[in-house]
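Lettered A, B and C in written order, each chain numbered from 1.
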């Protein structure tokens, strides 16, 4: 059914349709509306046979999910940014134990400095944790990916993270097509655990594994993700059959068939990129875009397949590998190894800085002229940067960087004098 | 004819099984059909109080629940010695997740069971003092506050034993540990620190809080059984000597677990919803020295220049407990 | 695509206004997107929200730099925040005030625009009268329907019923209708 609703609310409804059994939640911007929505659904009785637990920290949220999932319940939680880091130990634990928990990450920057706005640094900090990581481009895809995620996670016995841009998607009102309960039931059967805590058949879960077997256990986790590479497209095709939509899958190419330049990106920025692509195409530029939906497992073959005939690839990412450059672009580079083409990393939108159509036009024009640096930062204020560097050169007691910058750019609240 | 009242005394674990009692009053451990939930073959040290405490507690819980128990276990000695890959000595469904999240994991299991309508299956969370009073404190308090249907058992050997005997917030004052060495002006753990978890548990007003000691088997079994007859958040704090960490003889485990109670240093009591409902009376209090002397972790208090002031402080703490809890039996 | 930027202060329902506008467009079978600019949310701080309306899927995700219409819920922002940034000569402006553009000091500015696309509505007064609270957002949407014709009053009413219920909905509908009629005059 078509609805005009907030992204968070759409996700809450979709999760509700998945018949979750245990939901635990610790609030953090910008995920709060999701868990509030689910809490209300449970408390009012709209969502039955579901325990909603208000936990005392994100670490507790993931831990409660671990216990619930190990006891055979379909478990869900949501977090962002600092919260994801706070539960990091448990995030690794969940995937190490093979528990098919589904978690929404409302992508938000990680501090310091504290920042509540969108970028991908939080999810990407957990990229090696063994979780499946899927990125949504729109609120429609966000809600669809949750249904897909439960199905995928439970088939593989691996936890899955659905990543949606904080504020930009979570707090945006847009049109979505909400599935019916019957459709979701047709796609997502009841959870059948591979392992379960049951007095009828006692098992021990979580034993220590030493050098004699640890490598094998870890390889198997990797192998499972490679299995996911096979399964994701299959489940996406099945999804299309049940729901009539092309959500999920490994990658989404857009006008790449004869493109000389291809922009690679994840998440909501793809919408803006597509508008730019269309405008540049109207001007006769052979340009296209590749949206990455499955970040983990990394669809190296699928990426290579799309990019191999381009002359140049511009990876536009809302993430920064400090001291190296790009995170997504490093993955893409691996997919392209051995191929002769120009590759550019563009770090953009960190901490919620808007990615403007006009800036993208200028960027991609430059890319077309191969006039980009290998690594560049979109719309960076070099003046501010240089002022900080100069201040640090002149004085040891140069003060906290963030506060100094805020004062420089004239944010009223930051000035004391 | 004059009648002479005769008092019979139960002399603790020397009479496990006690043929003077009816079958239903005998200890779980006396029963050949006990579940041996923590089965033999585990790798605990000789004389490990925690291994004893865990078997006592879980076996009692199994009897009380018709063998329907799921346990979550914190990282620590118990977890490590009970599940040396590829073996496990647990006869019950058991999960080890992390060091600090056991109470939360248990809460999750309880929630799953509730949703699935399995009200017959009960959940126990267990961990050492480190995993309970320090790193697990946040999750523990959260579980208490929500009144989750979990019994949390803390096996307190008063330090982080598994990692090499480092100080925890349960380490008593003056005790030597690897991070509170017996050197300098104030050897051993500092005074004026530490957390009293049973009292903190009581402050949460949860349905049941109790302390127990492995020297008092029947009392321990009774308390676990009582706890399993209740629902909501429950907490049992069991004193478990660690011969290796304390520098005590492995055959002294039970003795030390009795002396700590009889000195008043470790009061045995029960509380419901924040009010003390019962205490184990000390028949004949012993001076703290008798408890401290057999442990090398307190050796620096004795010798040529005994730390009489420190010992007096410890005695004062014991006396304070005796007063506060009314631990002395009436003299007739 | 038609782009509306709504300015106000925290507590005046600016975000809700954008959401309701997007619902109104949805009710007319159009695509719409509404989102706030996310500053620190406290009562009284300047707030901006955006709404895009189109007949095809809206993919663009940047803030609205070149609005086709501005709704200004709080005239005290006029000389504090550059609310008019990016507005073209064909833009619509609706200001919540009982003063005129000239009285607000915007006379010269307004002379460069199309006069029939500029309107003021005393929305706060209407809200106080019909709802009993000084939240002008619903009333302003009624005024916006009148001045721009981009959405109908019926759609605005539908959006109000989606967001509110009972007496509050009724009051807001009355205020919106009154604003619509006043803006038409």
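In this section, a contact is a pair of C-beta atoms (placed from the backbone, for glycine too) under 8 Å apart; a residue touches a chain by one contact, two chains touch by 3 or more.
Since we're looking at a predicted model, the values are computed, not measured.
K.L.:
How short can a path of touching chains from chain B to chain C be, counted in steps?
P.N.:
Contact-graph shortest path, chain B to chain C, evaluates to 2.
K.L.:
If you tally contacting C-beta pairs, which pair wins, A-C or A-B?
P.N.:
A-B
K.L.:
Distance from the CA centroid of chain B to that of chain C, rounded to the nearest Å?
P.N.:
Centre separation, chain B to chain C: 66 Å.
K.L.:
Would you mind pulling out the distance in Å between where the CA atoms of chain A average out and where those of chain C do?
P.N.:
Roughly 33 Å, centre to centre.
K.L.:
In whole angstrom, what separates the CA-based centres of chain A and chain B?
P.N.:
45
K.L.:
Would you mind writing out the residues of chain A in touch with chain C in their complex?
P.N.:
Result: residues 2, 4, 6, 30, 116-117, 167-168, 171-175, 268-272, 274-275, 352, 354-358 of chain A touch chain C.
K.L.:
Give the list of chain B residues in touch with chain A in this complex.
P.N.:
Checking each residue of chain B against chain A gives 67-70, 72-73, 79-80, 83-86, 88, 90-98, 100-101, 104-116, 121, 138-139, 141-142, 145-146.
K.L.:
In their shared complex, at which residues does chain C touch chain A?
P.N.:
Touching chain A: residues 18-19, 22-23, 25-27, 31-36, 38, 58-63, 65 of chain C.
K.L.:
Looking at the complex, which residues from chain A come into contact with chain B?
P.N.:
Residues of chain A touching chain B: 21-22, 24, 49-51, 53-57, 59-60, 62-73, 75, 89-90, 93, 97, 197-199, 201-210, 212-213.
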